[in-house]
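In what follows, subunit A forms one complex with subunit B and a second complex with subunit C.
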Partner chain A sequence: MNVADNTRKNFEKVWTAPVGWGDWFASVNNQPYGARFMSASFIFFSLAGIIALIMRIQLAVPDNNFIGPKVYNELFTMHGSTMMYLVLLPFLEGFAIFLLPAILGSREMAFPRMSAFSFWVFFSGGLVFFSGFLFDAVPDAGWFVYPPLSSSKYSGLGLDFLLVGLGFIEIAGVGAGIEIVATILKFRAPGMSLGKMPLFAWAWLVTGFMIIFAFATLFGATVLIELDRAAGTSFFDPERGGLPLLWQHLFWFFGHPDVYIMFIPATGMVSMILPAFARRPLAGYTWVAGAILVTGFMSFGLWVHHMFTTGMPALSMSFFVAASLVIVLASATQVFAWIATIWRRRPIIKSPMLFILGFLAIFVLGGLTGVMVAVLPFDLQSHDTYFVVAHFHYVLIGGVVFPILAALHYWMPLMMGKMLNEQMAKWSFWLIFVGFNLAFFPMHISGLKGMARRVYTYPESLGIGWLNMLSTIASFIVAIGFICVAWNVYWSWRKGPKAPRNPWSSGSLEWSHDVDMPNYVNLKPPVIYSRDPLWESPEEIKRNERWELISSELEAMPDRFRATLITDVVTGEPQAVQKVAGPSYLPVLTALALLITSIATLLQSYLVAIAGLVATIIAAIQWLWPSDPELEELEKSPLVQKTGLTVEPTGSASSSWWAMAGLLAVIGTIFGVLYYSYFYLRLYSEAWPQDGIAKPDYLRPLGFYISVVLACILFKFAGRAQRRNRLNSALGFGGASLAFLAIGLLGLIGMSMSAPFSHQVNAYGSSFHVTLWHLAALVFAACGFVAVAIVRLLKSSQKLLRGYVTLQMEITGMFLSFTAAVAILGYLILFMSPTLL
Partner chain B sequence: MTKRAAMKQRFLWFYILLGGAVVWLVHLMMTYAIGEFACISKGRWVQSEGLSSTNWLIYLTSIVCLSVSIGALWLSIRMNKDDSKNRFLRKFGIFVNLIFSIAIVAQTVPNIIFSGDC
Partner chain C sequence: MSREVTSFYVRTSALDPAGQVASSIFELTSWMTWIFGAVFVLVMVLVIIGVFGKRQEIPPNSEGESKFIVGLGVIFPTVVLTGLLILTLSLTGAIQPTSEEPTIKVTGYMWWWEVSYPQHGIVTANEIYIPVGERIQIEVASVDVIHSLWVPSLAGKMDLIPGLKNRIVFEASEPGVYRGQCAEFCGLAHAQMSLHVVALEPAAYARWLEQKKSAREELSAAPPSAGLEVFKKVGCAECHSIGKLPALGNVGPDLTHVGSRVSLGAGTVLNNKGNLMGWISNPQALKPGNKMPRSFLSSHELHVLSDYLLSLK
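For the complex of A and B:
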């Protein structure tokens, strides 16, 4: 079917990203934001690289005093933090945001404004991170910020810059994680079942969930450590009953999965690139998909292997040794699948494949040393030596940076429309590969000889001067290699030859497009019948008439606003046409307001901070304000009538439902951090409550908790009334629900204010008050959700579609049920457990 | 498909996809928590049949978790392999649940070696 010219023109106009300086901020399309994530990460990578070179000059000879211990401490903190928080994951997220719609056969990411917001928040976080240099307040407590070194007693304003910047990056990470999960689950082409989903998407699906849980843990922990520093709580202060080891548990519960959060997407890239050059489908697709899931899950059970030297019970540590060894099965499965794919084939050796081969060699070595440090007796010997530095650089550079470089060379023709210079690409590969091994392999030896990490120098008597000199010279070779990559990208962008369509003869869907993908990616949704659609023989396909009809009808449609097809999570069966958000300044304004709030708080300008907070809330409300009159038009259009699709998906069919599920997972994890901290502190405390504080009265606060539960029940009735079209009843129940929530909120605030002990008295007091504050914030957010739902109910008789309001009621109901569950748990822990347990 | 059958199907999917993974995590957390708690409250644990109540509890947890994980593995094996819709889920379920079952067994081994070690 050929669409009319004016329909196509309208369609293209709707999807065109705004141009011009002002509009640059309003654009929300996935491709510019993918590119912005990658560009910003590259800038931060360059800064981290310069820092690394300065550190290497310091370490080139023994007893050197080139920068001294203070600056060295600052530099290793900034290098580690930048690479872990600002470079690797954001670069990978850039790839995901850029490529996922093309790989999945969709037109956009699920929540384009969330992409934009995540980018601006991430970029602001990076600026806050580095702004410490301007105020001579550079953090110096390591990327892991262990207390007591990170307490206000030993670390100054620099650490606050790091923690605030980190908070921003966590918000950005969680936002991107939720968006990526919702996109992969719901925004796939017809027929793309889980079993036909490209492994890049499998990897990102698992990673998205991991980001949600891991970053939420770090966010919860960061709040606690900042409260210790700024508000005088004592979660980690041993003088007042706190435990520094609690921070290590919380941090590594994030920190270990974080390594896999970077590694898993990289393996997804490898599994996409390798088959193109081996000219055959990936061997063991199902095993690889399974291995990704196993790796993602198990990575959350290994955090203790970073704490083997902290004096934990041998029995407890042994469970984690076992888990650390079993995860090797999953990683090895992937490695064997890649080897099997190129086995008995002669792969075409182009630059992306060279980087893949380099990845295999280096990552396997890093994996082997990983097995060594997972073994308790060996780890006790090598902990905090350069052996560990060598190990994690082999894993992170070999396992993540090499696949990123392979992906850059592989997908650049699609992203830029230009081919990179192959000769230059090969030069950069050899420089980086040889330089990397010369720089980091000697560190295994210097570590085993006793060179301590995070120390600015080493004595000559260790006899490792020449090894360090070699590492330093080689690190400059690596830097030249990366300059070659950057120059190649720049040169190709400006003067490179135009890339042909599908230059690598790949089988995956994204190459079905012309290079220079349009903003909408797919004019017509593709229909998927196999895992490698471009390699399938058309005559062998048994076509599905419904999918083909839907695909034809959606060619250049709808043409009045942005929309894309959504499909079933498991089967890829088409379910609905969903509106996608268009250009808006709100994401950048919300991020800016949040930045002002945080900086003002950091500098203790509380009036400005309050103004910033109010601006953030106003921007967020404006963002969520209901206005969707176009959908009514679409519902009556021939497109929907012919295909039987809905424009008002409800329940788990809607991507909003999944976004809410993701948000609840984030909040649930933050409360998990609080409740875990409560019990951990209690477990190691001789008396609980500490310091003779009386056990809390469990009857007095009961009424407030019951009112939160009642609010949830009443809202269920409101939802039921709305579904039965009884608007007045729905409004009545909704209003009553809001009133009960307000009572609960006041009660929670009152409980904290009237407690006979403060949050500063000891760890018990901190835990008690901070948990109540979090509960109050949750109930406050619930009030906001109910208020928005009431507004939607009020507008439902005029403009909004019924199904759209139903969805709003459903997701608000989810939030309220969750709030009630968390509140009940909070009541049991704070008020009942001291008496009963 | 009736609503009940659809729910059953969905439950089966989730059990096969995530059953082993979830119980593995539960097993690790439970055994870790039991180990920590036992070591802190040393002396309050009852000895029976040469094993402390810590060991008995860990064995009990392992048996329960392993049963759930093997249940998911068994269901995966029993799926109809000729049905093209099930082929992916069947192979996937066998692989992931087998690895998680092995992991649960591996995590039980320290209980034999380190009985009573803190």
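For the complex of A and C:
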């Protein structure tokens, strides 16, 4: 056995996922996690689908009493929440986690343990959602949980199951969002500049950013509404100065982008699949990438069009009408780019292509009814009717589920190594396509004829009985179609023929693999010279020697731990070799501890809850605890010597920097929710502070805020000392920083405890106290980061100048600067603005 | 039910408008349906030509391709949507409520509507009487959760939000009965929170106002009756007001004019003696979840009480 063989063997061993029952939980490889996301969301999809059929039976004839209003309200709440939170996005994320490394030419996702954690947290969230059925506490206030209906006065424990489950799903969502963004920005093959990046990745890049901001907003809002329910605050309670409409603003600021969060990845899939069947590159690549970007940005400026009937001033609503029409241009651009791609190319009509054609038909219709409901006067009639139900099922099933089905049939050979049965695929397409249109088109009419949403029954006099009967019968046709898809996947997996390599003759990178993709995806990083690498003719390529050298040096290397190449965000120029995490039980254990804590809190077994919380904190500390990265020996290896790449990237070259940036974006958004709420409540209050509460004294708390700022400055000095290899001075400054943070933390807690009014007195009191609590939590987290940095300094006292130490100091410094900025803003808003503004 | 509208069918649909506001929205709906129908057909024809048309080699990234994408994907929709935006903005202005004093106030309760005429001191429930040919300013509010007032044949909808006072304009161009429905999910009996709008000729409307005003006054002058005794004895008065006899808690609708209503239980069943007796004995069977408990009256009491309530016009 020669050296190369030995290396290869070590390399494969390092990347192998552990086998065995217990080890199943320790694996962190992207492919199983992609599959787990997809399988779990398919289970939830089946449950939500069965729920939908039961609802359709109830609605089949007028004045029906099959399940009655109580069960119906529970079922529509579960159907909507499940489909929105547990099915569409997780399934798409499954695709992304499974395929992104292959599409980008990398070996792993940026933070493998994060994929695992996101999955377990998401799955726990789903279990919490559905466990309401066990305790006869099924949520019944709709997926939108509008207060006051969702307040503790009108809704019981079921809603807490929904909100806590939602909290889990939001954490999983932002986790996956940060990971996907970091992966796409940093984990690309040499030469894959932004302009050569496949549109699947473009779509996910934009979506990842959107998930971060939208889900963080929802997280912040969920905390507020749960505090209203559980701690008696009054953000949304009109009887104590709160505003029900504040929730609608926050919810739709998440909710509208959420629709595009599901749609954009689907368009990314379409842009990958169409060219394969048209046997040519996508037409208008730049236009499509631009359209995705515009959609992403604009989607955050449309939320008010879900609130046209809440009595807002006509002028401000008109602005949102205009914005809603502008975003149509971006979708239209994509649609015509796809048409241009297949234009007179006689595309091959195989099942993935069929689903795409079905997508085009249904999505275009759903898009056009979308324009209709964006037109304010028409929305006054159609809002909250079955017209809207028809519209968004056209958009979500046509615009998201059909591309998912196309993608499933298209990528299954790569993901499972098996071809799906084409005959069965065509049957499922026609059943779903025809059934869908028969089920949902009539709803446009029943809505305009007077059928409001979320009604468990309707009177015969509306004359919509036959339309509903049609919808009900057709919904079963759709169900049969989905059973065919599931059967096809199962049958092909067990008995189907092995798929050939690149069965569709596609041009994109992921198809360069054999059908059984190895765990490490790429033994040797591919080098990218064009957008469709498999279609390029080798003689036309002008090879880049450095990239080719790096690629060949990285073949089966490093072989002692998992690592992959990271490249420049814009140009795809190789920057460093990044170590990525290997198998670990921590993700699943942390998620489990979190699950136990929440369920116990819901069921009011506080001892178990406290034990769970302690376990969560221990697991988190264990996770973040600085480990020895064993990178030293690599420095002398030919890999580093010949290529000049570092193995310890710092600053924005490192993926950890991007993780921290993502985390700060999330926390910043949560504070954005708090500060927005503060001013929104003030805007609609007659007096501020409300109910004659005195304006806060702005001098007394100033010292505590200054100490947070001082802590940030002191830590900057600690970082400087570390870079000059002065251990004692670095430790001194770090310790002082920690001390000042502790003073700030005590001050923030003291401010809340010594205030002459409680968080329950009115919306002002709630806003004041809850903002302080959030600030205290932020400063507490900052203490944790500084403590970990100090441990790092102590553990690496002899190697202070190493890159990973510098990186630790850098990202801790980032967190502290951010904390100081948020604290200053908090001070200005809570203590200065009542006096000054 | 007033004699003026005895022969009627209830109009329930946005596709069957009966007034200026609803008609102008309906017209917009028809326009959009035709235009977007045409756009849909155009796109589908392009897809079909694209897929089945004779094969033709077009070099990727050619100029024609960009023109195709920009022309159809950007310029064409910009033209259509600009026209639509202008139309929308002008229509939005035209159907906006004004700041005049509202003539009718509608307050949402779980799960019924209180309707009051502040200038006339009339309070009733689940039925809004309006004169034809006038733009009626209605103020809407809610005491508990969010509801939404939607009468498709007359206007769009407006949310009833606790803590806020919103406005909506109703205008009926012909006499008739129009069904409305709560359009914002408001809990258990949301589906059965409907109402009727009755549009009368101005003269008939004036008579209606007079009748209601005098009925309320006559009621307070009327001698005690057996029905009223039952009403007080079995606890109806805890939730329902009649005339000057106020309820203890504001939970159920004011019954001063209950005998003249079209329906019982906010549009759940037609108002006649049989239904009324059924409703009083077991309201949960007709409208699950509503806040009225079962009552256990003797058959005699039930008859006396129902006759009495139906006499309250």
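Here is the rule we use: the second predicted complex is superposed on the first by the 829 of 837 C-alpha atoms of A that agree within 3 Å, B and C clash if a C-alpha of one lies under 4 Å from a C-alpha of the other, contacts with A are read in each partner's own complex, and residues count from 1 in each chain.
Rule of thumb we're sticking to: a contact is a pair of C-beta atoms (placed from the backbone, for glycine too) under 8 Å apart; a residue touches a chain by one contact, two chains touch by 3 or more.
Values in this document were obtained by computation on a predicted structure and should not be read as measured data.
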item	value
Subunit B versus subunit C as contact partner of A:Ile50, first or second or both or neither	neither
Which superposed partner A:Ala289 touches (first subunit B, second subunit C, both, neither)	first
Subunit B versus subunit C as contact partner of A:Leu603, first or second or both or neither	neither
First, second, both or neither for A:Leu837, with subunit B first and subunit C second	neither
Partner chain(s) touched by A:Val321 [first = subunit B, second = subunit C, both, neither]	both
Contacts of A:Leu329 with subunit B and subunit C, given as first, second, both or neither	both
First, second, both or neither for A:Ile541, with subunit B first and subunit C second	neither
Touching partner for A:Gly301 - first (subunit B), second (subunit C), both, neither	first
Touch count on subunit A, higher of subunit B and subunit C	C
Contacts of A:Val371 with subunit B and subunit C, given as first, second, both or neither	second
Doubly contacted subunit A residues - partners subunit C and subunit B	287, 291, 314, 318, 321-322, 325-326, 329, 333
Residue ranges of subunit A touching subunit B (in the complex, touch as defined)	193-195, 286-287, 289-291, 293-294, 297-298, 300-301, 304, 312-316, 318-323, 325-326, 329-330, 333, 570-571, 683-684
Subunit B - residues contacting subunit A, complex	13, 17, 21, 24-25, 28, 31-32, 35-40, 54, 85, 87-89, 91-92, 95-96, 99-100, 102-103, 106-107, 109-111, 113-114, 117-118
Contacting residues of subunit C [partner subunit A, same complex]	10, 12-15, 22, 24-25, 28-29, 32, 36, 39-40, 43-44, 46-47, 49-56, 58, 60-61, 65-66, 68-70, 72-74, 76-78, 81, 84-85, 88-89, 91-93, 95-96, 144-146, 148, 150, 152, 155-159, 161-164, 166-167, 179, 181-191, 194, 267, 288-289
Subunit A residues touching subunit C - in the complex, by the definition given at the top	68-70, 73, 141-142, 146, 148-149, 154, 238-239, 243-245, 280-281, 283-284, 287, 291, 309-311, 314, 317-318, 321-322, 325-326, 328-329, 332-337, 339-340, 342-347, 349, 357, 360-361, 364-365, 368-369, 371-372, 375-385, 445, 448-450, 452-459, 461-463
